[in-house]
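What follows is a set of notes on a single structure, which appears directly below.
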């Protein structure tokens, strides 16, 4: 199975899909299914595009990390699509392109190619958010995203000027051979800021509120779960493979991350509006994930992304669906779970997993990450994580108590939504109880990171 | 005041960046780029895959990339995947514009009434520009230009018709089919490369002698595809921008 | 049932069963709850006594258990509390919004408490700890107060995650999550941090001084009988953690030479003393009987802190005995209040009065409980407080000693008030007809508790011997006991003798009371002041502004801790609003601004 | 030498036009300044021996983008007039 | 010199983003930012005295000094992507205008 197909097939389907409106949703689901099925026939290694070996040509990479990332993104993508395709069928082409973009983003081993895919997925994200009917917010997202990718391109071109290559592996080898690392810090900071816009790190994420505040069942889970997962996984991979942290760069990065986490939690704590609570909490979680990547805990960060993505998918879908008729004030939504036990159950599990309570996937991830951090004596990160957990706990308890308290509100949920979300919630429990799959996956991922490090760094 | 402050801020930043880059020994100054240390030297020498004795215009046969224009060689051969992505960006933004502005409605009426001469003249000019566009696209591997400017020229010929004739509406359906078919062709070309040589988007045609029209393997084909696709996409964008809601 | 794992699982499944059963018959479901609680209590007591716990675990993954004298001691106390409270369950389910949920949560918390007490692995302990927090959390709002539940979670979560921090530090220190092993090798740089984190975790759970805000909220607003559970059962988990920190972790940091006590422990003792003082002062000014008892629980928690921080056999014995005595007394008191509240639907003292006429047994139970709480012989509270006094005086901790005595004196003041206000005084007209004595099951529970309250005061040595095994297990010398005496620092204590003397005194007083002339009965409105008839009944009530002169002394300062938290909350929210105002607006220039600023900050270093 | 002078002139003009485009009060003037900025950047590209980029920028950057801006303004001004 | 001009154009683009509160102007500033970036990228590959990287009857051999073709290829892509975002941004601008009847952000009712 040539992994270029994961980009080519959805792209080709997208080109076809503009011909026939009825056909488009079918093509979308077919492409999505094709990728998920195809993922099990994938072999690790690099796939050259156009017949030119790295660093001259572009190549796609596959290892356990990327495979896991692809599974996460594609499965969540498919579930979002299945839940929304009937209502938002006109978005099929856009979704196909965004699938192309996200898959390419995860697999590519070339920094400029990554920029191209960043733009592809970015533009399709702007279009997905246009279903919110808030053009101002989408416009702001577009401006922020364009500024971000311009910064990324600027940093990238500085790297090219210094090292004469655009290949990730080639660059990381050359950077690691430098004795004085100060010259590369500016491009790294530029790229960090550029990608930080997409990953929702704090001072750069003013677009998040406008987008997620009015999110519907398509754009909410798509941006908060699928895109957030893909972007942070790509960002994390670059952080691990390429970046070096030194001097002022460390200071700036750690300030950004700590402020993201603490301010995100504080804002969620202060909010009275369910969607706002969720969106600010996802800001904090993005900071947490990047913090783990920066600390070198790649595999646990990957699992945290996975746990968060599943949780956010559940939370945003439920809230977006419930607030379609009622608005999303915390008091308006009181008691929506009294008649929807299954939905309430999924929501509760997702939020408990985000807090990091035992039995759920978030716990396993948080505990292992903490364990490593304690071993490394990184107390600032530890304090941030523990404080964040306390605050998260408080506002989620408040939310849960409100949503579970019986009241007159009646909201009906789609039966398919119930099924899909329940399955995802069960997944959180399964990964929270049986640790073996995660542990073994972690081992292969770490082997992949090392082997990858030696084999494809020329 | 705020503006002055902002201006000072950005100028300080610019000065700081310049200062930083000047201090940076890895960063060559303006005009002093060292190509030997970069991958691009291999693009110019056409020796990315095997050692190559040298490239001579009009003589070298069957180079790894047969375009005389090195930029074209990179765009359509070495980094063809980027170009596929680029086409996708244009495709999705054209689709997005259509999505956002709606399948409209009525086109904007211009404030002046074009007279007969203008109409005829623009028809003639339309043909010329269209031909130029196609020419630029096809000769992308030899001369500056290529599919993107070519496509844009095709689109601007359509624009000319729009401007010259108040009533003119392009046949959007045709553009759509053209766009779709060309996109699929591009993918099929890539897949064919995958089938024949084992690499997606690999050039599987003969390259011929450097500098002749029928050389460079797939590149002219790719550029024609791109030219037509870009042309139709941009025309559709223009059409949507020239229409408005109502009536 | 000798296997702890099986016991936990059975309790959990009984909880589920009672949840399901409730749909068909609430009565049966309640019976099941009672049965389950007694079953757990019985097996813990029996197997704890003969020491035959089976700690192997085969069914649950990642979980392992061990049993120690300490955990059995705590388990017996807490399961007994559960058993007693369970007898109240059937009468309160009707007032709940969801009785089925209550029964499920009741038995689940019981199961998880056992898990906390018996596990030998810190992560498992954290898991059970969190499970207890979350299951008990949802019992609070069953009466309708969400804010109390959130308050409870704030402090519990703080405690839990402090515990988690301590656990990981211990792990980093010793390389193992096993409790005994990792506690054994606490040393090095993190020692003090571990100590502080563990103490914070315990104090948050116990409701000690800076973390006491939740206690009156929760105990005051939880369902009436559930308050007893929190006060007598769940709060004691905090004491369990405190024992970890103060007794099992070796002394930390520099020693305060004058009193031969580590500074860190001295600090805890001071906090304990503050807890006692604050709790007492706050209890004095409450109008709600449940809140009053809540503050009294707080001050008694302070006694435990003081006792465990002193680190000698007598004080630890006093502390452990106080855990038992206070559990018995506070459960009895809360249940008595619950019994009253069930009949009258209020716990405000100003709205009650004269209950002794209709509820004499409840009155007796309450009387005995508060005597024990105040530390007056011949009840259990006296024995523990005597031991703690002994230890404090022996150490020469003047401030702590003053606080401890103040607490005892203060408790006279406050426990008398509900007694007078609820039970004595004029019988209020609105309850005259409807009021009855509590139902038999409730009476049974209360009577058992009263008997035990007296028993622990009169004949404590069998229990103290059990505590001696706990103390020896923790590596301290055992306290010298005979059948009837306890040897303290300053002499022997004869609880039986004291009780006897006390009985005689009471008998004499009773004789005098009988033989003297009867007082004249007057009606409630039968009063005149300055020749005017008083129309507002409340003004006549005993308990309104009972200690007003005393309260005036300190009423300006009572809300200090609460205000600190409130302003912390405001500060967080202000910070959040600030960030929101600066960043999360529809202003596209914000991103550009921060980019420019960060880049300038980064590059400025090149020049500077 | 000549080229150097040319470079400097083009650079200064570029910055000038950019500043004018940003500070002009009239939107249509701004767009026109942007268009000339774009045309001037074509000169810059030619000076830096990038004919491909120059051609593309001339056709797409200068021509197409300008027309899109103008059409947007045109359409909205009409809408504005109706009210 | 042109490199500095490119850099300063980017800075002016940022300045435009910082000071303008008009939707069209913001897109315009983004365009200036992109043009500046493009000039900067090309300047990275410029070699003084180098030839344009096209083999022709005048520049026949690879032995000559050429300017770096890769940045030019990248800029080609970047220009097209820039057009894509600009078109989309203008479409959003049209939508915004349809909703609020103004391009000024300050005149729209904020939530």
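Think of it as A, B, C, D and E in the order they're written, each chain with its own count starting at 1.
Assume a residue touches a chain if its C-beta (ideal position, glycine included) is under 8 Å from a C-beta of that chain, and two chains touch if they have at least 3 such contacts.
Model, not experiment: these values are computed from the prediction.
Counted as hops between touching chains, the shortest connection from subunit C to subunit E is 1. Chain nearest the geometric middle of the protein is A, using mean C-alpha positions. Comparing chain pairs B-D and B-E, the larger number of C-beta contacts belongs to B-E.
Here the spacing of subunit A and subunit C, counted between their Cα centres, is 44 Å. Each chain gets a centre from the mean of its Cα atoms; for subunit D and subunit E, those two points are 10 Å apart. Note on chain placement: the centre of subunit A and the centre of subunit D lie 37 Å apart, centres being C-alpha means. Centre-to-centre, using mean CA coordinates, subunit A is 31 Å away from subunit B. In subunit A, the positions touching at least two other chains are 112, 116, 119, 123, 126-127, 130, 135-136, 139, 143, 147, 160-161, 166, 186.
Touching of two or more other chains is recorded for residues 50-53, 56, 60, 64, 68, 72, 75, 79 of subunit D.
In subunit C, the positions touching at least two other chains are 585-588, 591-592, 595-597, 599, 603.
If you check each pair of chains against the touch rule, the ones that pass are A-B, A-C, A-E, B-C, B-D, B-E, C-E, D-E.
Across the complex, subunit A is touched by residues 17, 20-21, 24-28, 33-35, 37-40, 42-43, 48-49, 64, 77-82, 84-86, 88-89, 91-93, 95-96, 99-100, 176-177, 179-180, 183-184, 187-188, 190-191, 193-194, 197, 199-203 of subunit B. Contact residues on subunit E toward subunit A in their complex (touch as defined above): 10, 17, 23, 26-27, 30, 33-34, 37, 40-41, 44, 70-71, 74, 77-78, 81, 84-85, 88-89, 92-93, 95-96, 99-100, 105, 108, 111.
Partner subunit C is touched in their complex by these residues of subunit B: 9-10, 12-13, 16-17, 19-20, 23. Contact residues on subunit B toward subunit E in their complex (touch as defined above): 2-3, 6-7, 9-11, 13-14, 17-18, 30-33, 35, 38-40, 43-46, 54-58, 68-71, 73-75, 79, 82-83, 85-86, 89-90, 92-94, 96-97, 100-101, 142-144, 146, 148, 210-211, 230, 237, 240-241, 245.
Here subunit C touches subunit E in the complex through residues 585-589, 591-593, 595-596, going by the rule given at the top.
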